[in-house]
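Would you mind keeping the following structure in view while I ask a few things?
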C-alpha cells in the first residue's frame, strides 16, 4: 500500500466521519462546524487528486461562502445553544434502512460494472486550459453555460432579496373618504 | 493516480451521498436539511471529477461540471436561506414539522 | 262542412278557451271567464249541429248506408311502415250524434254555471277545467285511431279529476277525485293491454281498418287472433274483454262503480256534465265503436257485456232506493241507466233488424243525456236554494221553486218511461231487443224499470212535497242563467223521444224501422205506474210507513243503504292484502337492500379514503421518503425484473 493510498483512505475516513457527525449531532452550531470540516476534507481530496484549482474554488465558495451563510442564518433564526429535538424513532429506522439499502445496491452495481480506464496520457489540470475552454464558443466550449450561470447568480441574488425582504406595516390612518 | 482504483472513490461518493440522504430524511431543522443537501451535492462533485480523471483524461468536462455545480449550489443555498428566513417570520420556528399547510 | 277545418274547430275552440283561461284567467278574466267559455262553446255547438245536419242529410249516406268518413288523417308516430299512430277525425253516425249531445249538454252546463258558480273565487279556473273537459270529450268522440281514443280517454280522466276535486279544501273532495282517477286508471290498464293485443294481431291501430280486419270472417288476421289462446280463451276474447274493462271503469259498471257516488263531491253542474251525460257514456261509446268485432267475431265477449250491464242496472236500482243524499240517488240512477245501455248492446246482433239493441242503446244514450242532466241541474238548483244535499232538509219546495219543480217532474216522468216523454221510446226499444234475445235479461230489465220509477218518485216527493218548506224564500229560485237550461232541457226531455234515431244511427249503417207494438208496452208502463203509486203512497205526505217497512226488511235494507259493503271490500283488499303482502316487503327491499347497497358503496369509499389520507401528511421529509422509495422500486424493476 503506497503512501498515496493511505492518504486517500485517511481523507476518506475524515470526510465520512465528519459527514456522519454533521447529520447526527443534536447541537446545530456543531453540525455546521462538522459540515465545515467535511467540506475541507473534500477540498483535501481534490488536492490529492491533483485538481488544485477545483480545491481552491471549493474552499473559497463552499467553505468561505456557504458555510458562513449557514452560520449567519442559524444566528438569525434560533438560539444556537439549545439542543435540537430528536427525530421520531420510526423515521430514523426507516431512513437508516432505506439509506443502507440504497448504498449497498449502488455499490454492488458499481462493483459489477466494467469501467474502461484511460490508458493514454495522464490527466493534467492547467488553469490556462480551463480558461480557454470556458470562453470558447466551439469545440466543447462552455461560454453559453458560463453566461447563463452569471444570469442565474444575478437572479438568485435579486430573488433572495425579494423573498427575504421585510415589508413595512401599512399605515393605520386611511386617506380621507368622501361620503 | 492508479494506486486507488476508481471504484473506491465511487464508493466514497456513494457513501457520502447516502449520508446526506439520511440527514435529509431525519433532520427536523430546515437548516440542517440544507446542510445535508450540500453534502449530497459535494458527493456528486467527487463523482464527476473521479470519472473525468480516470476515464476521460483528455477532456475537461467533469471539471467544468464541478465548477458549475459549486456555483449553482451557492446560489441555491442563498435562495434556500431566504425562504427559510421568510418561513421563520410566519411560523416563528424552523422546525419542518410545523410547516404542514398541505396536510389533508 | 266538407272543409275539415270547421270540424276540427269543434274541439279546438274549447281547447283555446282552456289555455286562455288557464294561463291568464286568474288575473284578467276573473269575472268574464264564464262568458268567454260559454261563447266559445256556443260556437262549437252551432258547428256540431251544422256538421250533424250535413252528415245525416247531405253527405253521409252512400247507397242508403251511412258511411264512416275519415275527414282527415295525420301520421303522428310511426312504429313500423304499416303500424303508426295517426291523429285523425272520423265521422260516423254515433260520432255525429254524440257531437250534438256533448256540445249541447256542455253548453247548458256552462250557462247554468254562470249563475250557480257566481261569486266563486276561482271562477275562471272552473271554466278553464270545463273547457278542458269538453275538448277532451269531443276529441275522444272524433278519434279515428284506437290509440288516439286512449289519449283522449286519459285526458277526460284528468279533467274529471280536476273538476271533482275543485273544492280542494275539502278533504272528502280530494279523496273522491283521487278515488275516481285511480279506479278509472286501473281500468285503463286493461284497456291498454286490450289495445295492444288487438293491434298486435291486426297490425293496425286505425279503427276502420281494425274493424275490417277483425270482423270479416275470411280475414287472415281474424284466424290468427282466434288461433292464439291463453288460459283457455282466444286472444280476441281477451283483447275485447280487456277493452271492455276499460270501458266499464269509465262507465261505472259493477265492480268498478265505486268512484261514481263519491264523485258527487264536485260542483253539481260538473256532475250534470260529466257523470250524467258525457264521460260515463264513454264506455258505451267505446263498445259501440268496436261493435262489429264484438257482434260478428266474438259473441262470448258480448255476453260478458250483457251480464255486466244487466247486473249493474239492477244492483244500482236497489241501492238507489235507500240513499238519502239526492245527488247519490241520481248517481246510482245514472249507473243503472248506463247498465241499460250496456246490456242493450249486449243483446244486440249486427245486421238489419237484429241490430235493434244497438239502436236502442244509442237512442237511450241520446235521451238519457237530456233528462239526466236536467235532473242534475234541477238538483243543483235545489241545493243552491236549500244549501244542503240531504233529503231531510228539503220538502214542500214546489211552491217556492216552480220552474225547477215542473222541469224536475218532467225529467222524472221521462226516466220512468211514461209516454209520451222521451224515456218511454228509448226504453221500449231496449226492452224489445231484450225480449227477442234473452228472456232472463228482459225480466231483470222490467223489474229494474219498476224500481227506477219508484226511487225517482221517492226523490221527487221528498224534495217537493213531503212536508212544509223549512226554508224561506230569501234569495229566490235562482238567476235567469240557471232557469234557461232547465227550460230548454225540459223541452228536449219531452221532444227527443220523437226524433227518429232509428233511421240514422244503426249498427251497420242501414236505417231500420222500429215497430214496438202497443201491447208490448203495456207491461212496462203499468209497472212504472205501480212504482209511482207506491212512491206516492209512501212519500207524498210525510208518515212513518217508510221507516216501518225499512225496519221490517232489516238486514237487507241496511246492506242496501250501505251500498252492499263493496267499498269496505275494496278497502280490505287494498289495505290488508296489497299493502301488507306486496307493499311492505317491496318497501323493505328498497330501503334495506337497494339503498343499503348504495350506502355500502359510499361508506366503503369513505373508509378507504380515510385509510389512505394519512399519506398526505404535509411533511416534506415523508414525501422525500416516498419519493426515494418510488425511485428505488423503479430501479429494481427496470434492472432486474424487466425482461
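Couple of notes before you dig in:
To keep things simple, chains are lettered A, B and C as they appear, and every chain counts its residues starting from 1.
The rule we apply is simple: contacts are C-beta pairs under 8 Å (C-beta built on N, C-alpha and C of every residue); 3 or more make two chains touch, one makes a residue touch a chain.
Because the structure is predicted, anything quoted here is derived from the model rather than measured.
The chain with its CA mean position farthest from that of chain B is C. When every pair of chains is scored by its C-beta contact pairs, the maximum goes to A-B.
Centroids built from CA atoms put chain B at 5 Å from chain A.
Spacing of chain A relative to chain C, judged by their CA centroids, is 97 angstrom. For the pair chain B and chain C, the distance between mean C-alpha positions equals 93 Å. Shown for chain C are the residues that touch two or more other chains, namely 621, 625, 628. Residues of chain A found to touch two or more other chains are 91, 94-95, 98, 102. Chain B has residues 21, 25-26 in contact with two or more other chains.
Taken together, the chain A residues at the contact with chain C in this complex read 91, 94-95, 98, 101-102, 105, 109. Taken together, the chain B residues at the contact with chain A in this complex read 1, 3-4, 6-8, 10-12, 14-23, 25-29, 31-32, 34-36, 38-39, 42, 45-46, 49-50, 52-61, 63-64, 66-68, 70-79, 81-86, 88-89, 94-95. Those residues of chain C that touch chain A in the complex are listed here as 621, 625, 628-629, 632, 635-636, 639. The touching residues of chain A, when paired with chain B in their complex, are 2, 4-5, 8, 12, 15-16, 19-20, 22-24, 28, 31-32, 35, 38-39, 42, 45-46, 49-51, 53-54, 57-58, 61-62, 65-66, 69-70, 72-74, 76-78, 84-85, 87, 91-92, 94-96, 98-100, 102-103, 106-107, 110-111, 115-118, 120-123, 125, 129-130, 133-134, 140, 142, 145, 149, 152-153, 156-157, 159-161, 163-164, 166. Of all the residues in chain C, the ones that touch chain B in their complex are 613-614, 616-621, 624-625, 628.
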